[in-house]
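Each structure below is given as structure tokens.
Both complexes below contain chain A, partnered by chain B and then by chain C.
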Partner chain A sequence: MSNNDTQRTVTVRIQRFNPDVDKKPHMQDYQVKMWPGMTILDALHEIKTHQDGSVTYRRSCRHGICGSCAMHINGRNTLACKTPIINEVKKNNTVTIGPLPYLPVIKDMVVDRTSFWEQYLRVKPWLIPPDDIPEREFRMSQEEVDALHDAEACIMCGACYSSCAVIGLNKKYLGPHALLKAFLRVLDPRDTAPGERLEIVSQADGVARCHTIFNCIDACPKGLNPTQAIETLRKLAQKRQKYEEAKAERQKHLNEPIPS
Partner chain B sequence: MLTFKLQRWSAIALLVFLTIHMIFMHYVPPFHISFDVVQARLSTPTWKIIDILFLFSVLVHAMAGSYQVITDFESAFNYRKALAWASVIIVILAFVYGAKTIWAFQL
Partner chain C sequence: MQNSDVITHDVIVVGAGLAGTWAAMTAAENGVKDVAVLSKIHPLRSHSGAAQGGIAAVLNNVRPVAGTGPRGPLEQIPPGDDPVDSFDLHMFDTIKGSDWLGDQDAIEIMVKDAPDVVIQYEHMGCVFSRTKDGRINQRRFGGHSAPRANFSADRTGHVLLHTIHEQALFHNVHFYAEWYVMDLIIEENIVRGVVAINVLTGDIKMLRAKAVMFGTGGYGQAYKVTSNAYANTGDGVALAYNAGAPLMDMEFVQFHPTGLYRHGFLMTEACRGEGGYLINKLGERFMEKYAPDKMELAPRDLVSRSEQIEINEGRGVMEDGQGIFLDMRHLGREKILERLPEVRDLAIAFAHVDPIEEPVPIQPTAHYSMGGIPTTVDGEVLANANGDLITGFYAAGEVSCVSVHGANRLGTNSLLEASVFGRRAGRAIAEFIKGGAKLHPVPGDPAEKNRKMVQQLFDNDGSELVEDIVQDLKMTMTNKVGIFRDEEGLKSALDDIHKLQERFKNIRVMDKSKRFNTNLSMTLEASHLLTFSELIAAGALNRQESRGAHSRTDFPKRDDENWLKHTMAHKDEDGRPKFSYKDVTLYWDRFPPQERKY
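Presenting the complex of A and B:
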């Protein structure tokens, strides 16, 4: 990458919407001088600090952990803080930024995530541990940890949720984020309510509504696979009773050493 | 979940019946399709049963798929029970009509 490449001026096209003034969203262009390693979030900071203080967006950690800065960048959902601007301006020197789709816009890139959190809470995303908690740690085998497919790494950014075409049509669908969390809890050997969760995800607005479009996988900034999690939940939901029994049996030995 | 299962099971049935249909209609002699050929085939009880089951699989698969797609829309999702009953009635009516047609064939 040449120095000229990283120091050129690029156009940042932002979808603006202020409900107090605008009837509908419109695009506004800003010119930003790039620096090496500049991210989309840096460009937004640059615009907000030096050009237009009214540009509104959420951000917090700037390290791809908090999930606040999920946006629609050049047609795909991703984290602004993790996206180098140089990768996005290859075509016509312009990057287009908008709010996450399918969610009501509060202002500019800030969206109302009420439906996102409502669906999330429906699957009871917290761990429900056994009554007799061991004095030392719960023990999980490597296979049990691997089966979770890093689902605990989800940062709840909403990129998968708002890329899901089913969510675009029906906000009553649980959504990939909630189903991924349900998957995490159902497969967690410490959790005592897999049957209850499998019943919730088996309802008409649960796993059966996923059309395996794979948008959630493309959108996930953490490289997670909600579609595979949904598929696993579908299979487990078919044999819920057997799975519950197997899990109850496993929980009797949770504080025993794992045989090597 | 029942609709989901119905669609998967009917898809497997379709795979079997469609394979039978393709082989016997297109890949074994005589290699031309005419009314006489179809009439001769459908006058045998075995073919009548196969085609009636084929028809049933197609109807279940189509209605389950349509129901799933229609209830993807939130406005329709709120009326899913009524839509489910409507789908069941359509499948029954279409099946009776189709099965009667197939059963009527004779040489």
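Presenting the complex of A and C:
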């Protein structure tokens, strides 16, 4: 890539919408001079601070860990801060940016995430530990920790949620993020409420709604696999009692060293 | 004041990072029913979630394999074997790291509360990495002489933040997500409440409370290259200062040795904790010259200075010579994938370099604010150097200065500080409320005053863009109030800052709408940057010595005779800072000042 190429001026086409003044969303073009390594978030910052302060989006960490900046970039949900602009302006020298789909728009790229957080609360995201709390840590094997990886690494950005066709039709569906959280607790050897949790996820708007279209996997900027977690929950829900028993058995040994 | 405009709670916590959430959760757990947390971004977006490397605590779960030296591999300590770590050692490391400016009573409390707080995280569901026999795994970290960084791969802050947030939800803490606090009301040394914008609607409200706690985090955004989030604009320190509270030790700003070249994002110290090397243009492990014993795992101030010397003397890497290489290739694919997956991802995404195959270009990056709102070990805010309190006002975490980090913080001690002192503040607040704390009247109409102020900003229509002022400030702070400082540069920095404060009067806010106006919040944040940056520069100019992260080329030595004391900055009537000084708490018999060598 020549320097000239990385420093050219490109068009950033943004879907604008402020419900207080606009009847419907419209597109607005901005010209931005790229610099090497520029991300979509950098471009938005440049526009907001030098051209049009009313362009509105959420952001904080700048490096893909806080989950604020998920948006719709060239037809795909992803994090603005982790997307180099150079990769997105191949067609017509233009990148098109809008809010996450399926959610009410508050202003420009800022969407109303109420339903997203409500579903998160519905699965009771907190751990429900055993009554008998030891002085030191509960013992867990690294394998048990690894099994939780996808659920534990989730940054609640919502890219999966708003790419899910089921959510598009039915906001009562728990959604991939909340199901991942449920998975985290169901699989955690320290959690004492797997039965209750499996009950919640097997209700009408739970795991059964997932049509395994895999949109969430494609969308997830952290490379996580909510569909597989949903599959696991579905299977565990079918043999709930057995799973509860196995877990109760495991919990008898939470204070003992993992045998080598 | 119209009633509909006023919201009332027993306790208002500002900030939903680890410090604020611990305080809120603990107050609720201890019987306070009406606890509310305000956060300008959604709680789970708080910057605590970006912390990577670990949280310190003496757990004695692992030790170096015998005979392999201080940098050899680690193994779990078999049951019954002798511990390798102790409270005294953690205290000593922290005190030495602080260059003796840390208050030793506070350090002792932090160190002794540490195991309990980490175990509480574990019991609340935090997913830590594990040893073979299932204990919490630990790694080495800079300036710590035993492996005591308890970690969850390289997203420790993320798992801690999610865990504590969920517990706060469980305890019915009420969260106001996306409420921007713009004013703190203190009258007659008693806290009355805060004024905040509901970002969604643009409405400005007075929120009254018997106790207000600040956990608003740090202020790395004053610098050009920083590991900090956009949100880290030091609102809390500026609001407290403007409301009449003092600020302590503001001149101590930590530069982390391994920010990703040009971007500043953190490549966690765990990269070196796991064994990574720092290499200059000549391929030398240059830390041999500066810290032959601890090498790359010397404390951050020392490593950042060493890097800067290498760069200044022409041994930097990259086109402009402003970089250094962080070489992790010898750690091997497996270890990098297991222990450092997020930083590998960052290096690939932003520097197009896979640490498994190539060294990663890095440079020092503004990282942590040692200074802040002075507090007791229970989070109560001091009104002055004599130790008087501001009734009902609490602070903990990076916004505060208790002071455990003194002149330089050790890695993994700040997640710890935010947790330990957040929890202690929560307990103290519960005592305060249950002891019959009163809701004190609010004089005047602060909400209306702030509405008028915002209207004036909108009507101002000057010719300056806020961003231009912010960028100029960042250049000044980086070039003149950065890793190395001297009188000439600091004077000129103060001059720059005063001019920027003047220019700020002539700004134009582009977005004048009510709904979700982040242009407005960014403008308020810029004014905060200008407020506290002056204190950093002025404090640094006064302090004629080099200590920890404050390094004066014209006063290269530490001067205990004159400067073993905390700086306290007060806002004077004329709006300029006035300085006083406060003694450091030292245990002279146990940890007397020594020369600091690594």
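Remarks
Just so we're on the same page, the second predicted complex is superposed on the first by the 258 of 260 C-alpha atoms of A that agree within 3 Å, B and C clash if a C-alpha of one lies under 4 Å from a C-alpha of the other, contacts with A are read in each partner's own complex, and residues count from 1 in each chain.
The rule is simple: a contact is a pair of C-beta atoms (placed from the backbone, for glycine too) under 8 Å apart; a residue touches a chain by one contact, two chains touch by 3 or more.
Treat the numbers as computed from the prediction; the structure is a model and nothing was measured.
After overlaying the two complexes on the shared chain, residue contacts for A:Arg139 are found with chain C alone; chain B is out of touch. In the superposed pair of complexes, A:Arg250 makes contact with neither chain B nor chain C. Legend: residue contacts after superposition of the two complexes on their common chain; A:Leu148 is shown touching chain C, with no touch to chain B. Contacts of A:Ala237 after superposition on the shared chain: chain B is touched, whereas chain C is not. Once the two complexes are laid over each other on the shared chain, residue contacts for A:Val166 go to chain B alone; chain C is not touched. When the two complexes are superposed, the chain touching more residues of chain A, out of chain B and chain C, is C. Shared-chain residue A:Arg8: touches no atom of chain B or chain C. In the superposed model, A:Ser202 lies in contact with chain B only, and not with chain C.
Those residues of chain C lying in contact with chain A across their complex are 41-42, 44-47, 49-50, 79, 119, 122-125, 127-137, 152, 155, 158-159, 162-163, 166-167, 169-170, 200, 229-231, 262-263, 265, 342, 345-346, 349-350, 465-467, 509-511, 513-519, 522.
Residue ranges of chain B in contact with chain A, taken from their complex: 1, 3-5, 68, 71-74, 77, 80. Those residues of chain A that touch chain C in the complex are listed here as 18-21, 37, 48-50, 52-54, 56-68, 82, 84, 106-107, 110, 113, 121, 124-127, 129, 133, 135-142, 144-145, 148, 152-153, 155-156, 184-185, 188, 190-191, 257-258, 260.
Those residues of chain A that touch chain B in the complex are listed here as 166, 169-172, 202-209, 211, 234, 237-238.
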